[in-house]
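The next part holds the structures, each set out as structure tokens.
Two complexes, one shared chain (chain A), two partners (chain B, chain C).
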Partner chain A sequence: MTLNGIDVTDFLTAMLATGLLRAVPLAIASLGDVFAQKAGLLNLGIEGMMLSGCFFGFHAAYKTESVVLGMLGGIAGGLAMALLFGFLTIHLRVDQVLVGLAITIFAAGLTGYLFRDWYGGQNVAANVRARSIEIPLLSDIPIIGPAIFHRQIIFYICWALVPVFAWLLYRTRFGLNVRAVGESPFAADAAGVNVIRTRYLAIGLAGVMAGFAGAFLAVADLRIFTIGMTVGQGFIALAITMLGGWNPWRIAAGAILFGMLNALGDSLQIVGVGIRTEFIGMLPYIGIMLALVVLAGKTQLPASLGVPYARGQR
Partner chain B sequence: MANDALTPRPPLPDGRGGEPRVEMLGISKRFGPVLANDNVDLTLWPGEIHAVLGENGAGKTTLMNVLSGMYQPDDGQILLDGQPAVIKTPIDALEQGIGTVYQHFTLVPNLSVIENVVLGTKTGFRLDLGNAERQLQTMLADFALNTTPQTEVRHLSIGQRQRIEIIKVLFRGTRVLLLDEPTSVLTPVEVEGLFAILRRLREQGVAVVIITHKLDEALDLSDRITVLRQGRKVGVLDPETLAASDRETSRLRIVELMFGGRPSSEGSDVASGSAAPGETLLTLSAISADGDRGAPAVKNLSLDLHRGEVFGIAGVDGNGQKELGEVIAGQRRSTSGSLAIDGRTLTNQGVSAISRAGIGYVTDDRLGEGSVPGQSVAENAVLKTIGLAPFSRKFWLNRKAIERHAEALIEQFDVRTPSASTQLTLLSGGNIQKLLLARELAMKPKVLVCNKPTYGLDIRTAQFVLKTLREQANDGNAVLLISSELDELLDVSDRLGVMYNGELVAIFERGEFDVETIGQLMLTGRRATGVAA
Partner chain C sequence: MNRVRRPFRILGVLTLLAAFGMGFIAPALAQDASPEPTISTAALITPSARTNLGWDQQGADGLDAAAAATGITAIVAENGGYDDITPALADLADEGAQLIICHASGYQTTCPDFAAQNEGVSVAVIENPDAVSERVADIETQAQEVAYLAGVLAGLTTTTGTVGVVVSGEPPTWNYMTVGFAEGLNASNPDAKLIYSVIGEAAYDDAAGAKRVTEQQLANGADIIFGMGDGASFGMIEAIREYNEANAETPAWFIDVIGDKSADYSDVLLTSVLFDYSGIYEEMIRNAGTDQFGQVYTMNVENGGVRLLDLPESVPAETADAVASAQASIIDGSVTVSAVGDSEGMHAKLAELGYE
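Up next, the complex of A and B:
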């Protein structure tokens, strides 16, 4: 069966494959940000952390020609921004919104500057190839076979993190501490939880994951860096975290949904239905808006989101 | 971690005597201009219940917070079992067997009971709830709590939460238990249950400290009493003294210690006015309303409030009193019936219309809905009137006027605060309450609805508040006083209604108040004879 001369099976395969690919960085960044938000940190720096992950991931991959080192470079880039965020908001108790936006602007400036300085602003590709594996039998299934079971190793690793993070949040002492600290830091402190350390760990994890997401984009997926290449994906991840109710499973679903809407837009352009491309490009964002409207009021923000803590200041 | 719920470590041979468990020596703690603790000594013995008393702002909470690691003292030393102890954080205190139930609750509402209990304990990275759950089950049974470990704490009643707080502390194996005003929020039955638990802990050799504003509780329960005044320890009544003197003598001695030579406002000038009731100010006709969980909380309730009267509402907590107050204040929608103020029907017209019509409301949730904790005393003092002259003209706030007004309230109600610009949450519990009440009264409401206005207040301040309510009525206004303290209701009310299960089951005129009957009605909704009102 064909549609405007394009094979429908191919169309669906491409759409599913692209959708899942687009979903990865969103899901990864959101998973990490669950911990920041649950610990009471409203992380508007996530966009900057992700962008920093893109650049330093790309840079490491370009220099070493290694995917693994590239990913590690990205993680380091995200983590550095997160620690800066942590120092300012947890330690010095500067307003989180202010710091988050500042970090995002700072990361855009820094990566832009370094990219021009080190690469002359030229788009060069890193000479890396993320290895793929093809799962026998399953990859022969039409549509979902190639879209799901013949992917890069890193792709599988990313999705395997969803249950890991669910476990971390609900079944470990660290997860419990995080959930308590964002809800009532005084109660957590009184119970013997180290509020400051828990918050640092949480923002650190969020930074690692945002950096990882950025590196996925720049190293595993595109292999190039361009200025401002995250184009708001960090903020989308932030919204997905909230809309998913801080539940890793629902967040994964939200990321996939958003990725799919994105891919649908692309595919429709290729097929050439008579809709303006600008409108199609808006689809996923309209989706997020709708979700916000529908779910607003149903989500219960962590009670101490955005509130700094100091013992003895009731 | 303790192997058995109620076995403290290490087990003591007979629980009593021996050397002191805790010695606090020369503790001083300053907050800006306020010297909250001034060279205070406190000795806690194993197997003893020790009451710490003092008026609002005397420094009781501060002293406990120093022992629990929440505050670092500026000066002084703490000995544990005779050895100098280092308590820099709450973790240090917990690890050395000092458990605290704080004045404001420290449970995380969205976590389950079991999660709250294991929070902060050190048992490996993976949460092993199975083991903890078995232990918790026995403790829940021990404390007569019929809730499951998986229930989220926000679904529990205040009394249940209180017991979970204690379980949480005992779960870690506590040798010193500090309780900061644990009874203020409990019903009499719950208080009895709590005391039974505390006596049991005493038998097992735990050193228990209890802070309370109720002298009778302290005298009933404690072996030793320490009194603080303005940050200083002014006296200790040891077990021998307490045993040797009768209750009335002890009471007088304590009151004298608490308030020093200052004139006491105790006395029965709060007694009701005798003037005949005037015209009707507030009319409720067959009002019904739902509670937070959607179940009917107020059922078909009718009531007239007249000029010059204090109408008391008695009842066990949770029988719809709070919801009734909120309906009158316009904070809660009624599902049927009508409400009229001064003859004008204002059913479900919202807070601002109702407040303009002359209704004032003092909530029992002072840090929650009653105030903006992060803002200053002055800002909180004008919270409800900030849009009016002289506090604001057009867009500008008149800081001077706001401050002057706040200072007047502070003066008049004796609110202990370093200054009007101090952040509200830094005040002691009782002083926050005084400020909220002062704020409502300053608006000169025709009808003032108060929910537990004396909760957390020392006896003198409580008397002052009741007197103020009385005067409010004597000036030709009406007061609806909701309280779980029957004694104060009997003192001050002209009429007294009993609420049971959302209904007003009886109304008594002053003169026909009968404690027995009222108690019966509160507990069962019926008179002993079986004749319903």
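Up next, the complex of A and C:
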């Protein structure tokens, strides 16, 4: 069966595969950011943390020719930016919005500078290839088989993190502390929760995941670094975190929705539906806005989001 | 004896007169061909890094070559971005730049405004002939002519009969080349299918987005991708490399634009639509400060300002001959390639050719 001369099975397979792949870095970064936001930290530096993860992940992969070390390099890059964010906002209690934007701008400048200094700005590819696995039988299912069951190992690891983070947030003492600190740090403090430490752990986790997401892009997916390569995906992840109501399962769904709308846009162009490309490009953002409108009033921000904490000062 | 000498005397006098005359005329002729520059410093501002093997690098390299040829100082200001560059222009003027080449279509209005307010500075803009005045020059690139040749090559090389065009936006330069490529494809292989995809509004650095779009095109049968993306091009290349690893028997190819990536990417690079700015920059430098400056400077196939990168050995001789023949037809005027810069016109042209 063909659609405008294009095989429908190939078309749908490519669309599903693309949508899920587009969703991965968004989902990973959002999962980590849940903890930052739930702990009361409005992390606008997530874009910079992702970009840092891209660069340091690529650099580690390029030098060591190892995907694993590349991913660890990316995690370290994201974590470093997150700890800087934490020091300024938790320790020095500087405005979180300003620090977040500053971190993003700083990371763009730093990675651009280092890329030019270390690589002469040349877009060389790292000699790595993330391993793929083909799950027997399931990968033979038409459309969803090749799109879902014949992917890189890291693709499965990323999606497996969704239940892990749901468990961490809702079933562990750490998750409870994070939620308590984000709602009322004073009450949490009075109840014996170490607010400063909890917020550092939360932003650290957000940095780790943002760096991981960046490394996924630069190491597992593209094997290259280009200046500014995150192109706003960190901010989209931030929106997805809120869209998902800080619930890891809903966040995963939101990331898939965004990825699939993106893939749908690309696919509509390939079929040649005659819709202007500008409108097609708007599709994912319209989808996000519609979802936000539908969910308006059904989600509630953590009460202390963006509020610095100092013991004894209300 | 005298009869014999007289013709020699006359010849000698004529020779002296000729030599005397040439003494005056020759420098004047030489001056007409390549006048000495009246400026000492020229600058170029690019939206992104000059090391991207693409648009920015070709512009910066072109200025360096032109400056070396004319003996003036060149300043390259990278990463100007796409916002208001007036402060950067002021800095360049403070550094002594008497000519500023504004190397992005997004600078079409800012630079003429700046020249109007700064008497000692001439500017050059991209694809804005209406802005031409005494101190504003315009650069037109007949890139559609070379893109036509790339289209001819793609039409004769594709084995699946499907060819993809991936762009990181729809600026005039990309649109010119898309139309030229489509016409070339249609001329060489009327049965071929063309898939056209835009990565995003201004997705020049979106390598990941470019990879996704290219993967979809490859999955839907394209085996040649004509990519216009700047930094995003590397995502397209990576998609093709991955595809070729899984499909070694039927590999896909990439046709690049503006720069030469053959040193690192010859495994997937079929050719590139090369832009060589050095010739027109040299002309501008020599004209800057004179009444010759304000004009449209054009790069085309005939003057070598735009050309195809040398084809790889894997391209059959008859295909290379067909491309050379198409080039000759463009130069002698028997083939005229449409010059369509606006995106609406470009889409109309694709529809007219049956591709949308």
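In the analysis below, the second predicted complex is superposed on the first by the 313 of 314 C-alpha atoms of A that agree within 3 Å, B and C clash if a C-alpha of one lies under 4 Å from a C-alpha of the other, contacts with A are read in each partner's own complex, and residues count from 1 in each chain.
Quick note on the criterion: a residue touches a chain if its C-beta (ideal position, glycine included) is under 8 Å from a C-beta of that chain, and two chains touch if they have at least 3 such contacts.
Computed from a predicted model, the values in this text were never measured in an experiment.
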Following the superposition defined at the top, how do chain B and chain C come out on chain A, clash or fit?
fit
Once the shared chain is lined up, is A:Ile144 touching chain B (first), chain C (second), both, or neither of them?
neither
Given the touch rule stated above, what does A:Leu305 touch, chain B (first), chain C (second), both, or neither?
neither
Give one of first, second, both or neither to describe whether A:Leu176 is in contact with chain B, with chain C, with both, or with none.
first
More residues of chain A are touched by which chain, chain B or chain C?
C
Looking at A:Ala80, would you say it contacts chain B, chain C, both, or neither? Reply first, second, both or neither.
neither
Looking at A:Ala253, would you say it contacts chain B, chain C, both, or neither? Reply first, second, both or neither.
neither
Of the two partner chains, chain B (first) and chain C (second), which one does A:Ala125 touch, if any: first, second, both, or neither?
second
Please work out whether A:Ala263 is in contact with chain B alone, chain C alone, both, or neither, and reply first, second, both or neither.
second
For chain B against chain C after superposition, the smallest C-alpha distance in Å amounts to 32
Complex contacts: residues of chain B adjacent to chain A:
65, 68, 70-72, 89-91, 94-95, 100, 102, 104-111, 115-116, 118-121, 123-127, 168, 425-426
Of all residues in chain A, which touch chain C in the complex?
5-7, 10-11, 13-15, 17-18, 21-22, 25, 112, 116, 120-125, 217, 221-224, 226-229, 231, 233, 262-263, 266-267, 269-270, 272, 274, 276-278, 280-281
Quick check: in the complex, which residue numbers of chain A touch chain B?
171-177, 179-180, 183-184, 186-194, 300, 303, 311-314
Residue numbers of chain C touching chain A in their complex, please.
48-53, 79, 170, 193, 195-198, 200-201, 203, 205-209, 211-213, 215-217, 219-221, 231-232, 234-235, 238, 241, 264, 343, 347, 355-356
